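Every chain is named by a letter (A, B, C, D, E and F) in the order it is written, and numbering of its residues begins at 1.
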Amino acid sequence: MAKQGYEGGRLNLPFVGICTFGKYPYVEDWDAIDADVAVLGAPFDFGCQWRSGARMGPRAIREASTLFSFGHAGAYDFEDDITYLDPAKVTIVDIGDADIVHTDTLKSHANIEYGVRKILKAGALPVVIGGDHSVNIPCINAFDDQDPIHVVQIDAHLDFVDVRHGVRFGHGNPMRRAAEKPHVTGLTQIGIRNVSSTAKDGYDAARAMGSDIQSVRHVRRMGIDAMLSRIPEGARYYLTVDIDAFDPSIAPGTGTPSHGGFLYYEVLELIDGLARRGEIVGMDLVEVAPDYDPTGGTSVLAAQLLMNTIGRVLHHRNP
Amino acid sequence: MAKQGYEGGRLNLPFVGICTFGKYPYVEDWDAIDADVAVLGAPFDFGCQWRSGARMGPRAIREASTLFSFGHAGAYDFEDDITYLDPAKVTIVDIGDADIVHTDTLKSHANIEYGVRKILKAGALPVVIGGDHSVNIPCINAFDDQDPIHVVQIDAHLDFVDVRHGVRFGHGNPMRRAAEKPHVTGLTQIGIRNVSSTAKDGYDAARAMGSDIQSVRHVRRMGIDAMLSRIPEGARYYLTVDIDAFDPSIAPGTGTPSHGGFLYYEVLELIDGLARRGEIVGMDLVEVAPDYDPTGGTSVLAAQLLMNTIGRVLHHRNP
Amino acid sequence: MAKQGYEGGRLNLPFVGICTFGKYPYVEDWDAIDADVAVLGAPFDFGCQWRSGARMGPRAIREASTLFSFGHAGAYDFEDDITYLDPAKVTIVDIGDADIVHTDTLKSHANIEYGVRKILKAGALPVVIGGDHSVNIPCINAFDDQDPIHVVQIDAHLDFVDVRHGVRFGHGNPMRRAAEKPHVTGLTQIGIRNVSSTAKDGYDAARAMGSDIQSVRHVRRMGIDAMLSRIPEGARYYLTVDIDAFDPSIAPGTGTPSHGGFLYYEVLELIDGLARRGEIVGMDLVEVAPDYDPTGGTSVLAAQLLMNTIGRVLHHRNP
Amino acid sequence: MAKQGYEGGRLNLPFVGICTFGKYPYVEDWDAIDADVAVLGAPFDFGCQWRSGARMGPRAIREASTLFSFGHAGAYDFEDDITYLDPAKVTIVDIGDADIVHTDTLKSHANIEYGVRKILKAGALPVVIGGDHSVNIPCINAFDDQDPIHVVQIDAHLDFVDVRHGVRFGHGNPMRRAAEKPHVTGLTQIGIRNVSSTAKDGYDAARAMGSDIQSVRHVRRMGIDAMLSRIPEGARYYLTVDIDAFDPSIAPGTGTPSHGGFLYYEVLELIDGLARRGEIVGMDLVEVAPDYDPTGGTSVLAAQLLMNTIGRVLHHRNP
Amino acid sequence: MAKQGYEGGRLNLPFVGICTFGKYPYVEDWDAIDADVAVLGAPFDFGCQWRSGARMGPRAIREASTLFSFGHAGAYDFEDDITYLDPAKVTIVDIGDADIVHTDTLKSHANIEYGVRKILKAGALPVVIGGDHSVNIPCINAFDDQDPIHVVQIDAHLDFVDVRHGVRFGHGNPMRRAAEKPHVTGLTQIGIRNVSSTAKDGYDAARAMGSDIQSVRHVRRMGIDAMLSRIPEGARYYLTVDIDAFDPSIAPGTGTPSHGGFLYYEVLELIDGLARRGEIVGMDLVEVAPDYDPTGGTSVLAAQLLMNTIGRVLHHRNP
Amino acid sequence: MAKQGYEGGRLNLPFVGICTFGKYPYVEDWDAIDADVAVLGAPFDFGCQWRSGARMGPRAIREASTLFSFGHAGAYDFEDDITYLDPAKVTIVDIGDADIVHTDTLKSHANIEYGVRKILKAGALPVVIGGDHSVNIPCINAFDDQDPIHVVQIDAHLDFVDVRHGVRFGHGNPMRRAAEKPHVTGLTQIGIRNVSSTAKDGYDAARAMGSDIQSVRHVRRMGIDAMLSRIPEGARYYLTVDIDAFDPSIAPGTGTPSHGGFLYYEVLELIDGLARRGEIVGMDLVEVAPDYDPTGGTSVLAAQLLMNTIGRVLHHRNP
């Protein structure tokens, strides 16, 4: 939305203007995506097992992201002494949301997959905002004609249920579905803790299928660098971040919170290291449920993390 | 929960004790229902088209209903000079919730239908607490082996969409589904107002299929008695109350609020009149979404209406 | 955003997609406005005297307006048997927000005025979403090169303070500022009640300058038609709606609520009558403060009223 | 707080300054009360039977009352064309709160009684802000050495429980306690509706002890004037207002809400008529529980009603 | 509620069903308790000194505990590689709430004591959910005919006030009351910090009566193991957890929050160590006030901690 | 408010009484300030760039501060074994709020400056409660006739914008304004992180003008003592604390939250060290926005920090 931006002679304060992601341009025509990064909303929440409401995640995160749209001069991080997201070097677009069909999981998932395929076809980095964690399933599907990927999951829950009562595509199933794919070479599952819908047999299956499962306390004990060294180097990473990986103190706005989670810099440093260790070729951030976020802090966290992640992924690709 | 009640020597204040509906006994074994009324929760919300969260409706309404559990001596209404819900004359049970399967609309609906059939088989009056309005579909189905029913809907929205994008069982479809049933003899749709998912063709179809459609202002202009006189006398009524029939001033906690709705006594008097005009043989109350109800007032309204409705239905049956 | 809409093959449920007003197209280039109606946000709130937060009004109302974007087939109102907002007949655009400059009232007001002038120049109907009521001042200014207007204010407060402590452009001043303009031929002030920042001398001045001041109870006693008959017929009306004209039961989300206000249909019928009595040539809706609207009901009210008002203004212009 | 007020050269906007009631002066020395009206907080809530939190009522109402402190020139009501609360004619003070002792009902009540006696001794009108409705008990006690009073209660609940499980001083008992007093000549109980802790025997007792019990619908049917005519003329009235007499649409912030209540002007007109019919010699307003009032609207209602009541009582005393 | 559970053929998702603690069976007859653990609610809050509302703690914690009821196969903790709460080995029941009498502290406390005695008589482990911290007083009383106990308190506040203004049984007194008991052999008070109702003389008395008082920072400096080594080994421990021991970041929903508190794993590891060091023979968790917990996170914390504590206590008893 | 306090024979629980800061006496006459510390509110929020609402900060912090008013015997901190704020040694007053004029930044700032000058003239320590961070500008101005000061800022944002779109006195400018003053000898800026309105050129300017800029992670790596050693020893410090320096987990109630902030003891220990290293001669605490603080925790944090800071500043001055 160039002319309405700072460069067009406006002050363009964060609270002013239409809420696209980061106030980046909206591209309605999915055959005309021409950018380094394309953000897609996936407002689907029929897959959750406790509190619903993640369908409003994309809206809330877009709204929160406007706080970080000061960046007409890019995002200068004085700790790194780097200007990320320099508009002269980087193009980002928001392509709106996948079309969700109420009562119909398969059709909704298909529409998400369709959007991700369009982004990949355009050569852009897909950044998908959920929605519950089941939206990861169509995202991973969309990579089936790409080079193999290693999935890095940051999450409180293992999400490795195979089938229960016929359910294969709920928010407790995505990592099992990913592990089954030929184009997924492995999984690293970080932040896992406490009891959840994945029972012991799910853990056994995950380990048998090659997952590396690490808890928050494990990561703290070994340090970020040691954690990173467990992830295959130089791979193509697909990053899936469930907001409940974070501690409920900073991410209360989610369906199934779990105490004892990560703090902000732990995850940022993990992602920064990952972006240096290989190429992040796609990502999703899921399970933000604004109804449980009365302060807006969870959406701010999601937006702050996405902005910083995108900046680092693009920078480390061409430092 | 007799021994924990007032009659067992306890003061049993509203804020004390397990939250079953009205603190009535919980009956887990659905083959052992022996009561005049059986309350069933239907916490399903994949059918809604804007804000979700109605899955938490049954819990919130049960909690609110404890405010009205003073009634160890029945519920004395000084305006009518009648003691409703006299425990010596009336038995009510809470049979818990239908089993909901995430991502799967058809299976969840089937489980709701199963519960209503169990209640009907036991000869009790089924009172179903939603959940979104699509839960009305299995409720109506369950009456297919009963004598014919006339459906009285109190709602802001017509909910008469046939099929759109393949969706037949969402919260915009139930009245169309009901109208198609051989055991449904007609519909009276009251409180309808403003634009919604049912477009003009839906109204045309409803009228063609015999619906009587009246708005809030229509009812106010003609009066409660005139409105009642439009409903077939002496019929068996199935009553479906969407909480958004009420004005958002008293029912903000719902997915798709619509301003200009009914106030409390308008609906109570309508239902009281209906219970005198024929026999209410089943009912549901749907679309309470507690996340949008920070004061708890919507749940209190639902509980207050349900308590008063049940009391009146039972009283007018055997005055 | 045509291709993302229903007509482009999508179901396009209300919770899906970017939040422009009513999901109508966003027009960034203010020299390229080509529509019947142009919606402009004015997120300014330094003019309020109790609780701030109206700066977030435009965002919240846009989000709420998506609930009313079912209307790919127009907005069918079965009570009137009219399809309003038929997309084949009507074009509406959202031109984003005026540029607000923190700490600087005059510059912010000038930027609002600039936007309204652009809309008027394009021949479109300006619909401005506040912000606090002081944003009405630049709106009225922008009409100084148009034919004269009669201002119809629907509000709890008279807003007729001249100058106090040097303040001339706060939210207690707009009607006084309007009354001073040569191009404003008169004022009708409806819904005024209770004590507020306008003291007795303000009322005296308003009456002396020709205002017709009517309270909520006055309007109820005389009826809508009698109220309408007090307004000059066939004039060009500028309509300014302060959301606090409505009762706090349905409009709690505002800075200075006042009990005893209007209900929904009272105002809708007043506006419908006004649109039939002459031409509404501009309007603003102000003082929605989402922080005090935890249920979202106030924003829904604002959106519902705006949608219905726009539909009626356009319809009655060319019935 | 004269020097900080408008007359001291300050604009003194509502959001500025220490929150005493109406920003009137705080009088700490209860032997130095010299005013027409003295406001006393009674932040006691161990007497409630469902949700607690009324202890924070005085604070919230004081804060809300600052919205109505514009009145350096008095409170001009253009509908009545009267300036109420003219500072040249009227003095009001806030004497803070009665000392509440946790766990100890009797001592806390005694401290409230002590404060009311001090006000009466000073010849001022006591206006007590609760706290739950049990605080009415010590208020009525304090009048035992005054001329007889007739109690006018505006409430959803009859509060006429004698003793249950030994409880005589809870929020379900005050009207029974009042009716027993020799200095109470009678009771008028207005707004009563729905089931509550007072069972049928309580209603029978109230009637036997001379109460006139009228519901909201009764009052609406007969009109305000007819209702007033049922109250003994020329008496000394003690007015007790339970905020739950009002509809939950405008008074959600209370422990035991009951749908179907009064709207603002109904109560204001009732009180205005009462102040003309005899002398209001004391009053309390109880059961505001701010935790259930996220918009602040209930506290605004309480403050608006208190300001308007005080203004009318003083005006009608010396018109 | 076996037949409604997973083993009865249902998926039994967390949001489905009646809210007993952990969805464990409700036992109404207190003479028929037959379980390893019995959970009792103590919804009493007249003892608090700032914000009330802890009476709703048991309800909110029961609701939150359903999130952790996946455990038809027990609660598998992959970090410990242990399946806690294996239903084949462990029986847990919810016996509802103690009968609370409004206005009457002594009677309410007596009713709590009665419930705990019933649990102890049945040979089950009592787990009491408050309510304010004064409910600890009757809990400790109920152990007077058991073998001696050492009290381990995890709390922000020392709660060691003797008598003030006659108050002996408020939420500032319980540890003083415990220290006076012959059957209490000592106290360890952990997490104490900042100013509160216990003044210097209270600290002096506590130390004189043998308490070991450690702050959050003390524990962090010495480590969990060193802290555990200060507690008498092999004793019978009564554990009392005030939720305000936790940091307000994760436990905002409490009456008197105090910044600088414990995080989740610090307390879990302390309790795990305690369960290994001796026998935990009773426990309470108090001061959850849901009105200050809009995200539900505090109740989730309480439920998560209780589930994990019960699992560990039972496991370490028979590893 | 001595006679209403504990020493006057009252229990004076925190929830009882008028909300001045810490329940200390209110001094209305600014020519009669006679105290060690004077607290002034500065409820100004036209300077913020995202969410407004900080104008309600002083009210909310005063209310929260009553929780810490137990201290009739002073505030005993058992970790330090010191009784801070001994009423026999220390006098504190609340002088109310600066007069704020809506729409007018310069006049409002001038009124704040006027209040601080009055405090300084009285020889008291000014403690100013914002309002947005722009209120620091008049605070610093008021020191222009005092001995030079070194500014210590604890904040997430650098606030070093010179002029943008003519804005010189917004909440992004104060540190730049301070750095320009002859009586400001230097700045230490602590807690700075993430992108914000200060772009790279602002950082360059800050460093050029002598600022020492340290992030949260910098401080954690070097430790509190090392951080303190970077600040000039023995200087006169002006301390400005933006609440967003703290992590959103404990300070969500602010306009522009930034994840990754300080925890409570980090800041307390920093301030305690600063108070030992030189003399703190003035301070402000800004940007508390209660609308985003539904639990009240941010206001509690502000009040707890202010109480502890004042206690330590006074104690270390005369240990």
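What we mean here is this: a residue touches a chain if its C-beta (ideal position, glycine included) is under 8 Å from a C-beta of that chain, and two chains touch if they have at least 3 such contacts.
From a predicted model like this one, the values you see are computed outputs, not experimental measurements.
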Quiz prompt | Chain hops separating chain F from chain D, counting only touching neighbours | solution = 1
Self-check item: For chain F, the least number of touch steps when starting out from chain A
Solution: 1
Quiz item: Nearest 5 degrees, what's the C-alpha rotation angle taking chain C to chain E?
Solution: 180
Quiz prompt | Fraction-based call for chain F against chain E, same above half, different below | solution = different
Quiz prompt | Centre-of-Cα separation between chain E and chain B, whole angstrom | solution = 39
Quiz prompt | For chain B paired with chain D, centre-to-centre distance based on mean C-alpha positions, whole Å | solution = 37
Self-check item: Rounded Å distance, chain A centre to chain D centre (Cα mean)
Solution: 54
Quiz item: Which chain B residues reach two or more other chains?
Solution: 11, 13, 15, 49, 51, 55-56, 101-102, 165, 167, 247, 249-250, 292, 294
Quiz prompt | Every chain pair meeting the contact rule | solution = A-B, A-C, A-E, A-F, B-C, B-D, B-E, C-D, C-F, D-E, D-F, E-F
Quiz item: Which positions of chain C touch chain D when the two form their complex?
Solution: 49-51, 158, 164-165, 167, 192-197, 199-200, 203, 213, 215, 217-218, 247-250, 252-253, 256-260, 292-294
Exercise. Spell out the residues on chain C that touch chain F in their complex, using ranges where they run on.
Key: 45-49, 51-53, 55-56, 101-105, 107, 134, 165-167, 169-171, 291-292
Exercise. State the interface residues of chain D toward chain F in the complex, per the touch definition above.
Key: 1-4, 10-13, 15-20, 26, 28-29, 41, 43, 55-56, 59, 62-63, 94, 96-102, 294
Quiz prompt | Interface residues, chain C side, partner chain B - complex | solution = 11, 13-15, 66-68, 70-71, 73, 75-79, 83-84, 247, 249-250, 263-265, 268, 294-297, 300-301, 304-305, 307-308
